[in-house]
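First chain A sits with chain B, and in the next complex the same chain sits with chain C.
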Partner chain A sequence: MADTAATNTKDLSKIKEAIKRRKRETYTPVVPDSQLGFVHHNIDCIGCRACEIACKDKNGLPPGPRFRRVMYIEGGKFPEVFAYKVNMSCNHCAEPACLPTCPTGAIWKRKDNGVVDIDSTLCIGCRRCEAACPFGAPQFDPSDGLVKKCNMCIDELEAGRKPYCVMACMMRVLDIGPIDKIRAGTYETKAMGPGETTVRAIKNMANPELTNPSIAFVAHPKGKLGA
Partner chain B sequence: MKKTGNTIARVYGAILLFCCPLTAVIAADAQPVASVVQATTPSLAAGLDYERARWHPLHFKPAIDTATNEQCLSCHQEVLEPSVKTQSPAGVKSADALAWYQTLEVYTGEQETFHRRHLVTPLAQQVMDLKCNFCHQGNNPREEAPVPPTATTKEAGFTLRKMVDPEETCLRCHGRHPSELMGLPGPWEETREMMGNSCVTACHSGIRTVRHQVNFLKTEAIEKAGQDNSDTCFGCHGGRQWYRISYPYPRHAWPGMPAATPDWAKDRPTESDVRFRVSTPVATTTGSPASTEAAKSGDTKK
Partner chain C sequence: MRILEESLTLLKKSLNMTRRNFLKTTAAGSALAGLVSTKDAKAFAYEPYPRDDELTTVVTSCEHNCGSRHMLVAHKKGDVIVRLSTDDGRYQKDGFFGKDTEEEPQVRGCLRGRSYRARLYSQERLLYPMIRVGARGEGKFKRASWDEALGLIADKMMYIKYNYGPTAILDQSYAGASWAAFHKSDQISGLVARFLGIFGCRTVSWSVPSYQGTVFSSTMTYGDTMDGNEDDAFAYAKLIIMWGWNPAYTFHGGNTFYYMRLAKQRGCKFVVIDPQYTDSAATYDAWWIPVRPNTDAAMMAGMAYHIFVNNWQDQYFINRFVQGMDQGTMPIWGRGGESFKDYIMGFSDSVPKTPEWASQICGVSVADIKKLAEMYALTKPAAMKASWAPGRNAWGEQYSRMAIALQAMTGNIGKLGGSSEGIGKGWHVEGSAVPADRWSAGEYAAGIKSDRWAHCVLNYPNVKREEVGLWPKQDGSDGTIPNIRSIFWQGSNWFNQLTNINKEIAAIKKLDLVVCMDATITPSGLFADVCLPSATHFERHDVGLPWYKGHYYIHRPKVIEPMGESKTDWQIFTELAYRLGYGPVFNPKANRDYFFYNDAVDEAYLSEWWHTKVIPHHSHDGLTMPWEEFKQRGVFKFVLPRPHVAYQDNVEKGVPWSTPSGKIEILSTTLAQTPDFRKTQYGYFIPAIPKWLEPFEWLGHPKAMKYPFHMITPHPRWRTHTIFNNIPWLRETYEQEITIHTEDAKKKGIKNGDTVEAWNDRGKIVLPAYVTERCMPGVVVVHEGVWMDPDENGVDRAGNPDFLTLDEPSASGAFAYNTILVDFKKSDLEHRPGWDKLATARSHVFRRSST
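Entry: the complex of A and B
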């Protein structure tokens, strides 16, 4: 009899919890105090991929997933030929598309610096974030069936250093900083030469209006939108 | 060591032999693509090696435009298999997880992958008619980028690091609900009660009466589901919002449409993309469009 009463009590609490959970929820994006972002010089990058390797080394990634990707873009007809590189990882978007898709809360945006972080131990491998990201940032690791992504080497940031990819760049064409200052040209960085300006997007990049990615490029003339 | 002409020729010969599969594909690319695709597709699942399969013409324009689901799934059938873990490494159980958009009344079932949610789950089968090449319009296995760059993402069919163009695919159903353009006093979450919790009854019985008449949706099923539950409408118009902008849907004319076009609609097309059009969109004033079959038979109410 006592057992039955206990079971009933437990069931009631479960029902109440279930009703509470069914309450309609909405999503409100995090607005960070400041937003860190990347800057990449498309023309001066030599495509050595040291950034990619440093990233894989730091994050212990097996063959396959690549948090950072250097893309070789070529075109034209002789003698008017051109080549440039585009280097992207997670763009730590102002309003990331990956975040609202995650059913377990494995992805979140840091309030202090805007880094879009992930705890892959909470990942159930549904891969919705991978599909939603317009920039291919979340990477599925087939070796353990989990999604992983760049977190801008948050441990390095917290130790006052820059991410491994930036530190590995021998040409100093990749850097991080407050994205508003990078865009305004007021951030001191070796990734931009004197008089050079940045753009938010280049040819064939997904529309930045989708998520407002925190990245700026010193674009190749042939890579500029409308060129 | 000084290289003689013969040595150089041998080196190049070796390179050519090594690249033979690639040159074969390039040569094949020069042939009419449709015939190559037709000739080789049945053998895809039967054992093309990985590299040959990756560079199969079916993966690229123009063949990808006419690829069938059967052709795609002959190699990629794993996308339809349930693969979500029952629990995460830290012990979060899939059955206990509930995202904000999963509190919509029309969201049912277990945690699933995005491919299954768009192709085989009950809601997908009820209201969607998606083909693999609705999203997948091309790729570049080597660079993950259109090379050479194209003027627009639409031209390439995919974007940097992505095998789809999210602006032309995902955004259609995962964009923001444009409540301010619709003249609502606030976001739908806040105004739904005020509007009688219905999109169709309150406003949309007579507006955009050819809505959803595209070949990737099941028109009549959507209209019916929308009448039954406004969460069906909101689900694809803000309720599963991944992106901060709305999709600029075509502005089809409707009976009684104001003559002046508002600023926000000035650049919009007035018809659906050619590749998504059904034979003849059927305009009705009831909010319950006649079937496209009716349109084919000429029995329209236009």
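Entry: the complex of A and C
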């Protein structure tokens, strides 16, 4: 949590170059017909974690792996304090860092909706993807030695519904949709209030240039980059 | 049989009970599977993974005493629940996936409800009757048959009643097992009340731990406790003052927190008055006013003063509807006596309750008190949600009464977007399918304040009636101190939850019989003589009701068969009643075979209730749903003709309040005309107008020299009191910790995560520190409800704050859960979080068949 990507003193353009070169050398990501992504309201989220528990139940997870993580951020000095929440699972990145690290090809990206999926029957538990992901999405399950992650409840998507986490949200601050429409503010969702806009990245989050994560936030004023 | 095996395999996998032993070999070309086709992909956390649409869907609800009630949808295969989802708009009449309107919002389960499958199948599930074999509290039990366990209880009950009389069995039922129409375990009118009432041996615990201060306050001031606006009314407020209220943790009401989000989007401003900067403060972008615990009534008095001197009060409202606000509204019998304004202005006691006076006590700056008073007086409509927590103090009812005085003087009562809180009970569904006979609420020979039982047992017979808050009786038995020899717990972990646990531990050793009925092995259960396994609400037929506001009923069919040898509470009590000779009176629709075949009888009670009570109750609003349709859909949601606002008819149509004067009694007729408080259940004097009275411990007290920190013990988000304490999914998201302000921690050399011991004269607890700027200096926070784990010295290693509370309730009966001074330091003692060891430790105790 030291330097944020935005305030990093390193030469960003050089890093970008290096990233591009590396990508060229490794793989060309699947370009989905329509990339689905998450939108989360950092302020209006009460941090209850109903989404997390719904996810644990649906995926039958033991203690340890948490596909979805509601993170609590707080700061300021008494009595001028602030707090907000950042809610992330897998960001189903446009250019997922986990995918090329997988030696068995267990991870792939879906062509139709851009969901980054993992076939746990192919996973050998080497945990390389876990290290590669800048957002901590792949989760190691010590009970069977495999890595698992959010698949955006692909079964629910295929049934025409939304993921369990979204449908669990008591405050209606978490949603999914075509990420370009969410970013353009043209997607109808209760996650965003009237007149609110989203950002691609917030403070202390890994640089979105790394993997182009499919997530947007309604940011807290203190959570905005440069705040 | 094959289906059963499949189901069990599925259960193990879905709960991840088994280790997987592969790398499975895969078909050729499958490495490209994702790029070519998704059809064969194994993309789930376990395999085979059943999709929702391949499972049987059953609508049910959660059930605990949390303040809400939400839908749970079980997806099951055979007799095993594979996963739970919640309301998605599909199940209600005219519903469809995604329907979620402001009038009929989805009632989505919270994190606790969503974890229910882990509780249902937990390692701590009590599956067989157990009889104690070691010393009481030692935790040694043997498995017993139902016949043996119930026979033992029945024999001892007869012995106790015969030898110690009609007060010898203490009813400590609570709503932990059930909040429903039929299988009730409420404190006052639960099944154990009916069971012991007919038996003729029962002492009732009359004060409600959560909110007795407001029950008293609203009863004295309004004449009833129906003072809550429906949660959708919050969306109309221009200003919402959350006084000690944290709906981000407690979720009070099915969608209260969501309606408040709508209010925020419509420009409503929020204020939070709390020693902590809560998640509610953050979410609603509230102006946070940190206040010293237990001094809220003083701060409110300062606000009232500022409103009076600026003449901002709604004098028209006061003159029409209020008794005793000022000399102009004093009743004839009270002319010249002390009015609320006399007290506030200092006319009666020469101490004007100025913002400066209040600031000295509550620690809030004069400017902030004035600013809030002005905001509240001039913003219309404004809701002041004066929550229960600040009322859980040594003079809790004074805070609640003072809050009503402010709401009355600003004319916000009975108005949409305003408030009259209070206890906050809103519009009520029709709530009881228990037989409506003279026994329905139970009868009792004695009633005491709930957390005075240990005092009563330890000091009997040298106990004065006011010490235990003895309830007055008109049957000639008035004044008889109960000789308590036994406790019945039904769905209640009260031993873990009442104040001053070390004193409880001393008292319980003196009893002859302690019975615990629960679905889970709790710390209370470890102190019982007999533990009886109750079926959970997934394993019996009932109807779920909104807890204290909300307009919906949720059907609860028997989703799965009762696990192990568990039986429903109705079955257990009915069989016990047969053994004691009054089975048909207790359960008039049943025969004795009810212990094995209860489905038809339960259906008969519920359908009769629906037809004779629910449908008539709603018919005047034109709302109805046939029982069969309700069972098929699983939910009956309805839209009220207008958002329910408490006392709207009193204000708009002149309907009198149910008080002696018919007005809002800021000067209480009942209190003013009580000649001798010792003869009342209160025991001690209570002023007729709300005042700030000094609690026995607070930061301004001389005791603060020895114990300089005020501890508060709010309700946690990750438990309903003690329920769900053992759920790994929840436990991994939080720790039982002591919240300490950064500067206080620094002075003591404590860093985030260090183990801390906190103590006072009553006890000591050990738990990790959470060091933050979000808590005001001088205050520490420990959430109530963690399962106690005391060591041999009585030091609680789990961090249960009730080892530090005092069993000294206010006169009204309000528990002093938030009146605690402590000191703390970094500790070498080990904190025992319990949850990662629980599975082995507790099940080991209960699987042992010693002797």
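Note that the second predicted complex is superposed on the first by the 201 of 227 C-alpha atoms of A that agree within 3 Å, B and C clash if a C-alpha of one lies under 4 Å from a C-alpha of the other, contacts with A are read in each partner's own complex, and residues count from 1 in each chain.
The criterion applied here is as follows: a contact is a pair of C-beta atoms (placed from the backbone, for glycine too) under 8 Å apart; a residue touches a chain by one contact, two chains touch by 3 or more.
This is a predicted model, so every value here is computed, not measured.
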Partner chain(s) touched by A:K14 [first = chain B, second = chain C, both, neither]: neither
Which superposed partner A:P134 touches (first chain B, second chain C, both, neither): first
Which of chain B and chain C A:D117 touches, first, second, both or neither: second
Touched partner set for A:M171, first chain B, second chain C, both or neither: second
Which of chain B and chain C A:G76 touches, first, second, both or neither: both
Which superposed partner A:T211 touches (first chain B, second chain C, both, neither): first
Chain B versus chain C as contact partner of A:G223, first or second or both or neither: first
Partner chain in contact with A:S143 - chain B first, chain C second, else both or neither: second
Contacts of A:E95 with chain B and chain C, given as first, second, both or neither: first
Footprint overlap on chain A, comparing chain B with chain C: 74-76, 104, 119-122, 124, 144-146
Chain B residues touching chain A - in the complex, by the definition given at the top: 83-90, 92, 94, 97-104, 111-114, 117, 143-151, 153, 156, 159-162, 165-167, 170-171, 174, 189, 241-245
Touching residues (chain side chain A, partner chain B) in the complex: 21-27, 29, 69, 71-76, 86, 88, 95, 97, 100-104, 106, 119-128, 130-137, 144-146, 203-207, 209-212, 222-223
Of all residues in chain C, those that touch chain A in their complex: 13-16, 19-20, 22-24, 26, 30-35, 38, 41-47, 49, 51-53, 83-86, 88, 97-98, 100, 108-111, 114-115, 117-118, 247-248, 251, 255, 257-258, 261, 264-265, 277, 279-283, 285, 288, 290, 717-718, 728-733, 741-742, 772-774, 776-777, 836
Footprint of chain C on chain A - complex, ascending: 30, 43-50, 52-54, 56-64, 66, 74-79, 81-84, 104-105, 107-112, 117-122, 124, 141, 143-146, 148, 151, 154-156, 159-162, 164, 167-172, 190, 193-194
